[in-house]
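Two complexes come next, and they have one chain in common, chain A, joined by chain B in the first and chain C in the second.
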Partner chain A sequence: MEKSIEVHSLGTQLSEIVESAFFVFPEICLLAFLLLILIFDLIFRQKLLWLFTITALLGLFLTTGLLLQQWSLTAESSEGLSLFSRMIQLDRLAIYFKILICVSAVFTVLISVNYKSRAGSFHLRSVKRIGEYYTVLFGLLLGAMLLSMSTHLLIIYLAIELISISSYILTNFNFDERSTEASIKYILYGGVSSGVMLYGMSLLYGLTGTLDMTHPSFQENIAAAPMILVLFAGLFTLGGFLFKISSAPFHLWAPDVYEGAPTPVVALFSVVPKAAGFVVLMRYTAHFFSQVSFDFPWQTLLAVIAIITLLLGNFAALWQKNVKRMMAYSSIAHSGFILIGVLSTSSFGMLSVLFYVSVYALMNLAAFLIIIMISRETGSEEISQYRGLGEQYPLIGVLMLIAMISLTGLPPTAGFTAKLFIFSSLWEAYQSSDNLMLLLLLVFGLFNTVVSLFYYLKIPYFMFFKKSETTFVADRFSHQRTGRRHDKFYLFDKILAIVLIFPLLILFFKSNWLIDFIHTIPFEF
Partner chain B sequence: MIPIEHYLIVSALLFCIGLVTVIIKKNAIVVLMGIELILNAANINLVAFSQFDASRIQGQVFSLFVIVIAAAEAAVAMAIVLKVYHFFKTADVSEVSDLRK
Partner chain C sequence: MGFLSLMQNHLLTFIIFVPVVVAALLLCIPGRFKPVFKIATITATAIQLLLAILIFQSFNTSPAVSSAIQPGFVFQYVEKLDWINLDLNTFGKLSIDYFVAVDGLSVTLVGLAALVLLVGAISSWTIQDNTKGYFLLYLLLCASVVGCFVALDFFLFYLFFEFMLLPMYFLIGMWGGPRREYAAIKFFLYTLAGSIFILIVMIGLYTSVMDPIETGIQAGILNDAETVTQAQITEVQQRIQENTIPKNQIVKTFNMVAMMDRANYLPDTLLEVNNNAGIFGFSARLIAFMALFIGFVIKLPAVPLHTWLPDAHVEAPTPISVVLAGILLKVGGYGLVRATYSIFPDGAVFFAWWIGLLGVIAIIYGAMNALAMKDLKKLIAYSSVSHMGFVLLGLASLTSEGVSGGLFQMFSHGIITSMLFLIAGVVYDRTGDRMIAHYGGLSVKMPSYTTLVVIAFFASLGLPGFSGFVAEIMVFLGSFNAATINQLLPRWMAIVATVGLILGAAYYLWTLQRMFFGPYYLLKDQWNGQMIDLNLREYVMLIPLALATLVFGIFPSLFLNMVNASVSSFVHFVNTVGEENLRLILGK
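After this line comes the complex of A and B, so read on.
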């Protein structure tokens, strides 16, 4: 008797899996291209290097197209689809982040085309490992796309590990001492934090008897469970997410990894895993924290985490001499700002998070692109090497200035609009809850914006107001060879930088273009 | 039948031993062993809690996934430790500190 029921349920499960497969076409497409690149790598090892880049771009464009189609198919009002027997949740929030992830990946691929590491060991025009690079990159993207759809603890764990393991490999892609050191630190911190997260998840499973966060019994049992256990389980699980968004106290890996890893990979790290981490954090907040019945001050807790993250990120960034290391602390600080939007738990808070993450992706990719261009020119990533570059190359100087102003959050850039939304959502949350911690967070947030002004504007200051003491070696050689000084930046890179910077100005004046887009996303906290 | 508390005590002990190993040991391979202990502590929890699950199987399947992922992670970690040894002639994490200079 029992057996026949099981067979029946197996049949329905199989048909559900087949039906669900139609809704994950973008992921299937990405996976197909991952395998294609892997096969190309076996066939065309060491030759036809451009083919890999073209294939990777084609795969990403196709995936983005499929995602856009998915966006237009999902109705605005619908709650989203539960696929694979409630394993993943496909809603507009997920699709929005998946599009953001794919677009950032396109720019990452374009950025890495002209990148050359210090020892020249990572240069996509000559490297033999280009196939492996794109394979692992696609693995990371697949993980990030899965993570933005997941509400099931098993899928969250699998997706986070897929992102992490790909990240550990990508960190090492310079194949020199520094990137090896970065990756060993990354894998040790990452392994511990994912282990702790897994232990928290196992406790959550024990408390609720289900792994599905959207399941009614998950929320009922969380509300009924003893406080101390829920606290432990919840905080352990939260740790894994905080690691992915590089927020305090799990931020220790970020500076070393950002400094040691290849710069295009760093640009990707600062956007894609972070975006995916914030989606899962929002879902976790909605399904777990908001369900806790007793008087657990989770909003205060998140506010404290955000304050610590902001202070650590901004003040540590002040002392940095290496640009990439400074950007690492800056990205930690930005995580703090986005956390503010998450803990507001209102539809306006969600809107501000989405807007901030999108703008953050643009300005970070732009900043890293210019860092790559300048480090190819000067052979160094030290801020002191930026002296006088603004006078020599006005276009690059102005683009860097706009990127830095946007990262600080000053008008007339989209960075200002993003910060404005974040702070107004926080003010709204404070008015509705009267939690003093939120007011403190607001004060600290504004104070930190001022602090960040000092280190962001240090770069344009060096570029425009400090005279360069020496002409660069590379420059002198080209001077002797050609008889005239010429701009050594690739035209391709310059156009790419303008394409990335331009929306930052547009979105300040026409922020409602993106807002209208985001407004069609239903999400309930 | 063995009561659930026994499993939980063993897993909590394993978790603590793993965490302490991670914190106090400097050798990268020993730290990785600590990470394995943490993962297996979670596995014991998952399998033990699985008997109270309505569908009975979720926790056990989860632990199978964890075992596979732990193997994949260990493989990548070992490769990186080999590279570290190649460059620094040591597997001691505290001596691997070229960055931040």
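After this line comes the complex of A and C, so read on.
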């Protein structure tokens, strides 16, 4: 298909839409399953609960299959397709992220299976809202998939709103006070940042006369426009993206939402919207920042944002007592790390971003799964409740330890390799630009690892170093022993945790297994 | 005998991975079979020691400099396998190898590590709670320590270097004394901070260094890695300097040997010798030297960065103190020799005076502190700080005597300090108390123990006839002669350092007098029944160490023959290349 199709009449427009529809088959499939679940919900309300989970998984598998097919169809050198009159861009970058999103969603569903909220109000095996849960979840996925393809500001806005609104609803799925409060906070922050972003976009439209970032006139007009206006427009728009990746100064929602929302949903929040946010950020930096004509130190700006994000995330995490809040700040800090790859702008930088995001998805899903498993047993999400668990359940303890080590970024885990690549790309960027801010970021970022060690190790610290002081766990256990299971953890969860943790080790020893995939993505937008 | 020849060719791989395999097997055994874990661990470390002896036996002490790719360094038992090969777009290609080998600088430390690890394993016999976890961690520690001494790929080295922290953290934190948690986290944070310095430099290095052989193959200059001539390598290096090899054909590498040759640095990279850009007006190479130096010196440790050591030592259980002082400190010293000095010889020459000063300060300050300590283990910990100062001083001198002396000091300190910590463990096992003032006249009750204590103390304070004496004398000679040989150190440093010897004699003799001689005294009466002389297990641990320090003290050539060839090429390399590089860097 030609890259630049000028749109003239309704007829050509229609035929193009029909043509383009073929290329969004995975999204159509996802949408179809969304509707299917909705219909099931109407028919089988409160009955056949497993059917919903099976259907959801089936839908996700099918979508992933279609995406893999898309991946194999796109030749390595192709520049990507512009679809729907240049509304979205289908390239390997987008497909990679869409696969990542779908795989994370599969794991999220699997994690949700045995989740039970504190008040027991959200439990997929016993609650009537299961249909709604999956419907909204699919809506979020759809938005994320759309966002990873979009190069058109309007679509970006729509996709972000779709993600956001679905997120607001999902946040409330615990149906308790905390959850509702978090949801409201999320809506408020989300609304403001959406508004700011929309304002920026409207300015951009006013300056350039187009919403299509890839359009030549967009870039020409940006280059010609007055500096102050471009700056305002650009930074406002950036704000919306920073909100999605929970980077400073738009990170405030994260801790409350992470604490209040159901844990599987949090696992999803920490991966999917963030991944999609990073694609759009990568496209935005390529199309907008590198086009501004005047000498604007945007790399320095992003470096400062990254430093602040790292600082806030890591230091705030130090004081957390609730494990989910801690993970919220940790995910903020990780955004800072990934931002480093984005601002390096080399194709090596992009590659390391993709690697990092993939590894990060694994680590976070694994960590949250274990958090769910433990909180079901201890009935609490306080870190201090982890005392002695490592000796009682060595397997869970070791798996959690590996996840935490990987989040810190120590060998022999993929978290280390990911950090190594990110910082190598930063070093390269520093060498070619001589921007001292980048060197500062390098040193600063790496020393943040030491800070992060302190709070990540807190969990293994409580699990292994502290003896459980009361025997209440054992008491509870003996009460429960009348029940069905001997071990307190579901075998299913344990296997799932191993499946998630094992690649973290594999990808350290054989990082080329993933890199060889990512390498085939042409990083030219 | 396929297996034997396989083992012969892969001795180093075996010595690293025997503990890992044993650990994997033990993982399947339920934790209640406690003796199994103990015996298996002792067996594994004994096999390591056997392998180390095999390596010693067929180690060629005067190898001919034959291969062109190794600038002055000759490695033996080389094993090099492709591990990770990445194609990173514009960044070029990246190769990480499984590259292990030994030379004179590392082979003695491998032997030391094997010996101390075996002693540590025997000493771990008394561990009662969570035996399975303890011994699994111990085995992992064994593997990573030895791996650290033989790895020549920076990535591999860093992997082992970092991986040591985790088992150590848990071993101190779970089986240690009352303040174990504080000590464990302090140890972890300090060393991790140090490794971040190393990591920064590692990133800088591998992004700027290419592998001449693999790049040559990529660029079509070479056909295969087997038949490489010096001329071909020079051609590749020249074309790199002329920028005529396209970027995506350049193979970047973590190979430390490649990093030692300045012709392998890509032009216009910060760490390249001719690059004048620098950071804040300082040469990037000198800054990188400093960073790497700090990273390893934390581990060594030298004075301003040593505060983790007394805590970690005091809180760690006896076997872990032994391993910590016996080998882990040497990893720092070894890292200085292998990485810092060999990759940045310019910095070694440039900062020689300061490093020497640090060494002298460590010697005096450590000794003074030891003099003031009331806890026997703390006293030994500070004596370690003092003795590691000799390593720094010897290295700084960049003379053959000084460097050999520094290496010898590491080796002999490894043996002696293991003994000292075991000795401290003996009283601690019996009473749970290590305060010097709480004991008196122990020689009455425990004569054989006292004999071994006297041997260990005298060995440590540098009495002639023990290995410590030879090592320290060589360091003095080296640092004294540096003033005439390469003008790097002033004479007063050697002279001031001798004060350390006197202080050493003071704190050891004083301790001996207070604890072992004079009237018999115990703080608590109920200890009286527990003051029994050494048991068989303690003899088994202490006697070989005592013999080793005597043997190496009387026949130092046993050690020096192993290192001489490598040390002289090392000293020659660092001096000449360091001077040349420094001239280029400073633009003289």
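Throughout what follows, the second predicted complex is superposed on the first by the 502 of 525 C-alpha atoms of A that agree within 3 Å, B and C clash if a C-alpha of one lies under 4 Å from a C-alpha of the other, contacts with A are read in each partner's own complex, and residues count from 1 in each chain.
The working rule: a residue touches a chain if its C-beta (ideal position, glycine included) is under 8 Å from a C-beta of that chain, and two chains touch if they have at least 3 such contacts.
Please read these numbers as outputs of a predicted model, since none were measured by experiment.
Looking at the shared chain after the overlay, A:K510 reaches chain C, while chain B stays out of its contact range.
Judged by the touch definition given at the top, the superposed model places A:M201 against chain B, while chain C stays out of reach. Legend: residue contacts after superposition of the two complexes on their common chain; A:P411 is shown touching chain C, with no touch to chain B.
Legend: residue contacts after superposition of the two complexes on their common chain; A:T449 is shown touching chain C, with no touch to chain B.
When both complexes are overlaid on chain A, the residue A:H215 reaches neither chain B nor chain C. Once the two complexes are laid over each other on the shared chain, residue contacts for A:P394 go to chain C alone; chain B is not touched. Touched by chain B in one complex and by chain C in the other is not one residue of chain A. Across the complex, chain C meets chain A through its residues 83-91, 130, 133, 158-159, 162-163, 165-166, 169-170, 173-174, 180-181, 184-185, 188-189, 192-193, 196, 199-200, 203-204, 206-208, 268-270, 277, 279-280.
Against chain B, in their complex, chain A makes its touches with residues 153-154, 157-158, 161, 164-165, 168-169, 172, 175-178, 180-185, 187-188, 191-192, 195-196, 198-199, 201-203, 205-206, 209-211, 255-256, 259-260, 325.
Put simply, chain B touches chain A in their complex at residues 11, 15, 18-19, 22, 28, 31-32, 34-35, 38-39, 41-43, 45-46, 48-49, 52-54, 58-59, 61-62, 65-66, 69, 72-73, 76-77, 80-81, 83-84, 86-88, 93, 96-100. Looking at the complex, you find that chain A touches chain C at residues 346-348, 351, 391, 394, 405, 410-412, 416, 420, 423-425, 427-428, 431, 434, 436, 439, 442-443, 446-447, 449-450, 453-454, 457, 461, 464-465, 509-512, 515-516, 519, 523.
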